[in-house]
Each structure stands twice: as C-alpha cells, then as structure tokens.
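Across the two complexes that follow, chain A remains constant while its partner is chain B and subsequently chain C.
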Partner chain A sequence: MKVSKTETLPVRSGDDVVRVRQRVRTLAVEIGLGLVDQTKIVTAASELARNTLDYGGGGDVRAEIVQAGIRKGLRLTFEDRGPGIADIEQALTDRFTTGRGMGLGLGGAKRLSNEFHIESTPGTGTRVTIARWK
Partner chain B sequence: MDNCLAPTRGTAMAPIEGAPGSLKASNEYKDKLMTMDGAEVLAGTVTRDETAILDAWLAGLRAGASLQSGRIREAELQTQAKSVLAQFKDALAEGGPDADGEAYASLRETLAEISRSRAIQGFTPTDTANFVFALKEPIFEALRRAIGSDTPALAAGIVAAGKVLDQLGLHTTEVFLASREEVIGRQGQEIAELSTPVVRLWDGILALPLIGTLDSARTGVVMENLLQAIVDEEAEIAIIDITGVPTVDTLVAQHLLKTVAAARLMGADCIVSGIRPQIAQTMVHLGVELNVVSKATLADAFAVALKQTGRRVVRQQAVPAVERR
Partner chain C sequence: MDRIPILKLGGALIVTIQVDMHDRLALALEEDLTAMIARTGARGVLIEISALEIVDSFIGRMLVSIAAVSRMLDAETVVAGMRPAVAITLVELGLELTGIKTALNVERGMTLIQARLSEDHDRGSDLEGLED
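On to the complex of A and B.
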C-alpha cells in the first residue's frame, strides 16, 4: 500500500473540529469519492475529532491518501494522550457514553467507515484509524 | 576639545550651530559627535539634516511601489512624510530612541492614522511598514555625512536609528492588523446575528432555516430565537430547515432534538426539513433516530404544516386573464 499524501491537523478546540471536517471533505473530493461516501467519512471524522477533543483532551489527526493497486482511499488516524479507554467493547456499544453525548459517535464512525481500528492503553492515550475506499 | 559645547548624556539636543559649509564648524561638530552616544548622534543629525533626509526619503518613496500603484497622490505622501519627519525629530530630541516612550505619543498617533487610512486604501501591511522603513536609508546616509569615518560613533548612530525605526514600523503593522481584526470581529458578530432568523411563513407557522455549522453556542442562540418567536407569533408549527447544514453528526442531531423538545414544551410541533439523501444515509449508519416529522424539502414541510392547521392550497380553475391596455 502506497501513501501518496500525508498531512497532520491539530485538534485543540471546537474550531479545529470544523477545520478537520473541511479538510477531510477536500481530500475526499480529491480522491474522487461520491457524495454519499464523502458525507460518511466527513461525519465519521467529525465524531472522532470531537472524541479526541472532549475525551482525549485534544490531539492530532493524520490524514493520508493511500493507494492499493488501482484503488484509492482516505485514511485518517486520530491520536490523543488522554486517559485512554479501559473497555473498548463497551465504548463501541451504542448509547454508551461517559460524557453527555448520545453515545453513538464511536460505533457510528465504525459503521461509516470501510476500515476501523482502535487501540487504547489506559493512562497513555487512544489511537483510532479509519479508512474509506473508493 | 571644547567641553562646554558637548552636551551631557540625556539632555535635550539643542540645534547645533555652524553651517555645514564652514570647515571649522564642521570639524567642531565632528569632534562633538565623538563624545555622544548613538541616540544623541541620531537626534543631532536628524535636526541638522532634516531637509536632505526628507528629500531622500521622498525620492525613495517615489521609487517604491506605493506611488506607482496610484492609490495615493504624491502631494498626500509628501504631507505625510513631512509631518512624520518633523514629529520624529521632536520626539528624538525630547525622548531619545525609545519609540514606546511618552515623547513619541503624537508620532505614534500620526502613524496609526496613516496606517488606518492605508488599510482602507487597500495597501498591504508591507507597503505600510515600508513607508517607515524607507526612512532608514536617508538617515543612515545623513549619519555618514555627519560623522564621516568615525566608525564607532557611526555604528552607534545606526543602531539607535535602526532600533527606533523598527519599532515605529512594527507599530504601523500592529495598527494595520488591529484595524483588520476589528473588521473581522464585527463581521463575525454580524454573521452570528444574521444566520439564525426565524421566518413567519403563515399565521402560526414559523420556519427556521439553519445555515452553517451548528455548535453548542449557535444552538443556544437558535433555540432562544425560536422559542421567543413561538411566543410572539403564537405559533403552532415550527419548521426547522437544515438544507444549509453541511454535516449532521451526533452532536448536531443532539442539538436538533433538544431544540425540538424545547419547542414541544412550548406547545409547538416541529417539522425537520431539508434532509438530503446523503445526510439521511449517514444518519441511519450513525444510528441517530430523529423522532420527529421530517420532510425532504421546505415546500413539503410547509404543505404538511398547512394541512395540520386545517388549510388547503387550491389552484383556481380559470386563471384570470391579464388585463391589457
């Protein structure tokens, strides 16, 4: 798999979440995703960026345009150095939240992406990687 | 050396006697310069050589981009340069090379005024700062003429001149940016106020077209406006149109549901309209359920609202002919 473009965006404030959304939309258009797929990856990015901000205390997003054979895709990695998630299974359950949200973000992001990977160590931080292929 | 002539450090510079043409006077002046520090050298030189500096400065400005862009007339530039240099001279004599000091207050004000007018005339911050920085070369030249080959004195003078002119140049940039920020701030407030209008479509039917990002702060404004309008208009139905909301994630959905719940408590039914196909698909995948009547377009929602309030839109059988003269 070849990575043809990488950029890193900070997630430190609510405005950054908006910027991440805009940037992800631009990249999704760039690799030629359709309108529905664009909306899906943008919405997933919005959920994960807000998780990074609200629960991880801020972090970074790495956006990569990847190519496997003739397929192009957009891969996003959200990383924070927050408290981490003790029970990932539980966190992925719909309607479960430790905050005041709807508890649908993480599971929703998984359903909106083609690839979803999460690793978290309590006390160290969380890394979520999603990808959407054309 | 004549000690009486040498001013002590920190005292105000009196204009130096002796015409530049007289060799003796010139030498005496040079001797005197040797005992002064950079600030005094600078103040003395600017006072003594004001006309030459002004001419060189104007020549530099004329060659620069400001005049050639045609945004400012030469006469205006001349007036500005003249008053700035005069104030600079007075400030140097009074307060030394500290551009943040009290003596520079009126000069800073003049420069701020110029900077603001430049911003309006469409100059870049670089153009504006260059107005001040262009003064450097003529002053360095004048210092060289006055001091000649005495390198330490020349260096001290140039350092002092560089320092004070840099400060003044940055000051113009700061004012320039501040005036821009003022405009941005005002526009931000205007957008916040304008972007959440509540529109009355019919007796008892309100529409709330949402445009842009729906964050917590805006949801607060939206909810407040809507609830107040429901009271004012005695509305039965409120249509929330999200055609202009680019991304509907769980947070936006949550805000929408809260707004709907609040409107219901006030006795008004809500209809959400403007849900585009891609948004609908995404919301299904997210698992968000909007337990509220929703329609694809505002027109559909309006039709539902009319029906619910017992109204019907009918087309007249015969369209009346347009009167011809």
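On to the complex of A and C.
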C-alpha cells in the first residue's frame, strides 16, 4: 500500500474537532468519495476525534491518502496518551460509556468505516485507525 | 460569543442551524431556547438542519436534550430538513433521535406544529363552551 499524502492535525479542543471534520471532508472529496461515503467518514472522524478529546485528554490525528492497486482510500489514525481502555470489547459495545456520551462513538465509527483497528494499553494511551475506500 | 438566533412565529420558535456546531454553541442554544419557551409560552420548536453536513452523536445528544427539556415545558420539538446522506449515516451510527419528531422540510414541520396549536385552540373553545 502506498501513502501519497500525510498530514497531522491536533485534537485539543472542541474547535479542533470541527477543524478535523472539515479537513477530512476535503480529503474525502479529493479522493473522489461519493456524498454518502464522505458523510460516513466525516461522521466517524467526528466521533473518534471527540473520544480522543473527552476520554484521551487530547491527542492528534494523522490523515493519509493511501493507494492499493487502483483503489484510493482515506486512512485516519487517532492517537492519545490518555488512560487507555482496559476492556476493548466492552468499549466497542453500543450504549457502553464511562462518560456523559451516548456510548456510540467507537462502535458507530467501526460501522461507518471499511477498516477499523484499535490498540490500547491502560496507562499509556489509545490508537484507533479507520479507513474508507473508494 | 456566537449565538444561534431564535425566531418566534405565532406559537412556534424557529431555529436554523447553519454553522458547524461546537460545544459552547450547543449549550448556549439549549439555554436560549429553554428561556425563550418559558418566556413566550411557545408550544412548538422547529429546528431546521438542512445546512448540517453531518450529525454525530454529539449533535444528536444536543437535539435529544433540547427536545426533552422542551417537552418538560410543554413544547414539542420537530427537526426538519435532514439531508438524505445524514439520515443514512445516522441509522448506521445507531443514533435514535428519541422523543423528536422529524419532517422533510420546514413547511411540513410547521404543519405538525400548527396541528398542535389548533388542537389547543379547539380544546380552549370547548372549555369556553362549558363555562356558559
């Protein structure tokens, strides 16, 4: 898989979440995703950026345009150095929340993406990677 | 601080969300709407979201919360103008807008609210009849 573009955006405030959404939208348009797919990846990015902010204490997101053969995709990696997630299975369950959210963030983001990967170590941080392919 | 304007039209309050919502704006809108329902005795709140490119669980929670508080104050909330791509995404996200009525556009949303207002009116005239 080839990475043709990489950029990193901070996720440290509510305004940053808005900026992440706008940037992801622009990149999704750039790789030619249709309107529904754009909306899905932007919504997933919004959920994950908010998780990074609310539960991870802030972090950043790396956005990459990737190419596998003739397929182009958008890959987003959210990383924080927060408390981490002890039970990932539980965190992926809808309605599970330790905060004031609705508990749809992780599971919802997974459903809205073609690829989803999560790594977390309690006390070290969390990294979530999603991708949406054209 | 930025605020989203609220218009009063008869017994209804109308809000058009045209900006990318962030935390403070969402909280301010909820407070302003609640205060205005109490002050005007509005029976319906129409929230027009056709400009919103996405509705995530944060905005969904705000809408559900506004609807719940409005209901406490005897006003019904109608969300109008959701984009089709947003509707598809919301269903996949798993977000249910509990307690919120939806309408395809502002016109149909207002029809829902007007129906409630005329019910009130009918009930009001029944009571008057009883007093005679």
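Note that the second predicted complex is superposed on the first by the 134 of 134 C-alpha atoms of A that agree within 3 Å, B and C clash if a C-alpha of one lies under 4 Å from a C-alpha of the other, contacts with A are read in each partner's own complex, and residues count from 1 in each chain.
Definition applied: a contact is a pair of C-beta atoms (placed from the backbone, for glycine too) under 8 Å apart; a residue touches a chain by one contact, two chains touch by 3 or more.
Remember, it's a predicted structure, so these values are computed and weren't measured experimentally.
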{"item": "Clash-or-fit label for the pair chain B, chain C on chain A", "value": "clash"}
{"item": "Which superposed partner A:83 touches (first chain B, second chain C, both, neither)", "value": "neither"}
{"item": "Chain B versus chain C as contact partner of A:58, first or second or both or neither", "value": "neither"}
{"item": "Contacts of A:42 with chain B and chain C, given as first, second, both or neither", "value": "both"}
{"item": "Where chain A meets both chain C and chain B, residue numbers", "value": "14, 18, 21, 25, 35-36, 38-40, 42-43, 46-47, 50, 94, 101-102, 104-105, 107-108, 111-112"}
{"item": "Contact footprint of chain A on chain B as seen in their complex", "value": "213, 215-216, 246-251, 253-254, 277-279, 281-282, 285-288"}
{"item": "In the complex with chain A, residue positions of chain C that touch it", "value": "20, 22-24, 53-58, 60-61, 83, 85-86, 88-89, 92-95"}
{"item": "Of all residues in chain A, those that touch chain B in their complex", "value": "14, 18, 21, 25, 35-36, 38-40, 42-43, 46-47, 50, 94, 101-102, 104-105, 107-108, 111-112"}
{"item": "Contacting residues of chain A [partner chain C, same complex]", "value": "14-15, 17-18, 21-22, 25, 35-36, 38-40, 42-43, 46-47, 50, 94, 101-102, 104-105, 107-108, 111-112"}
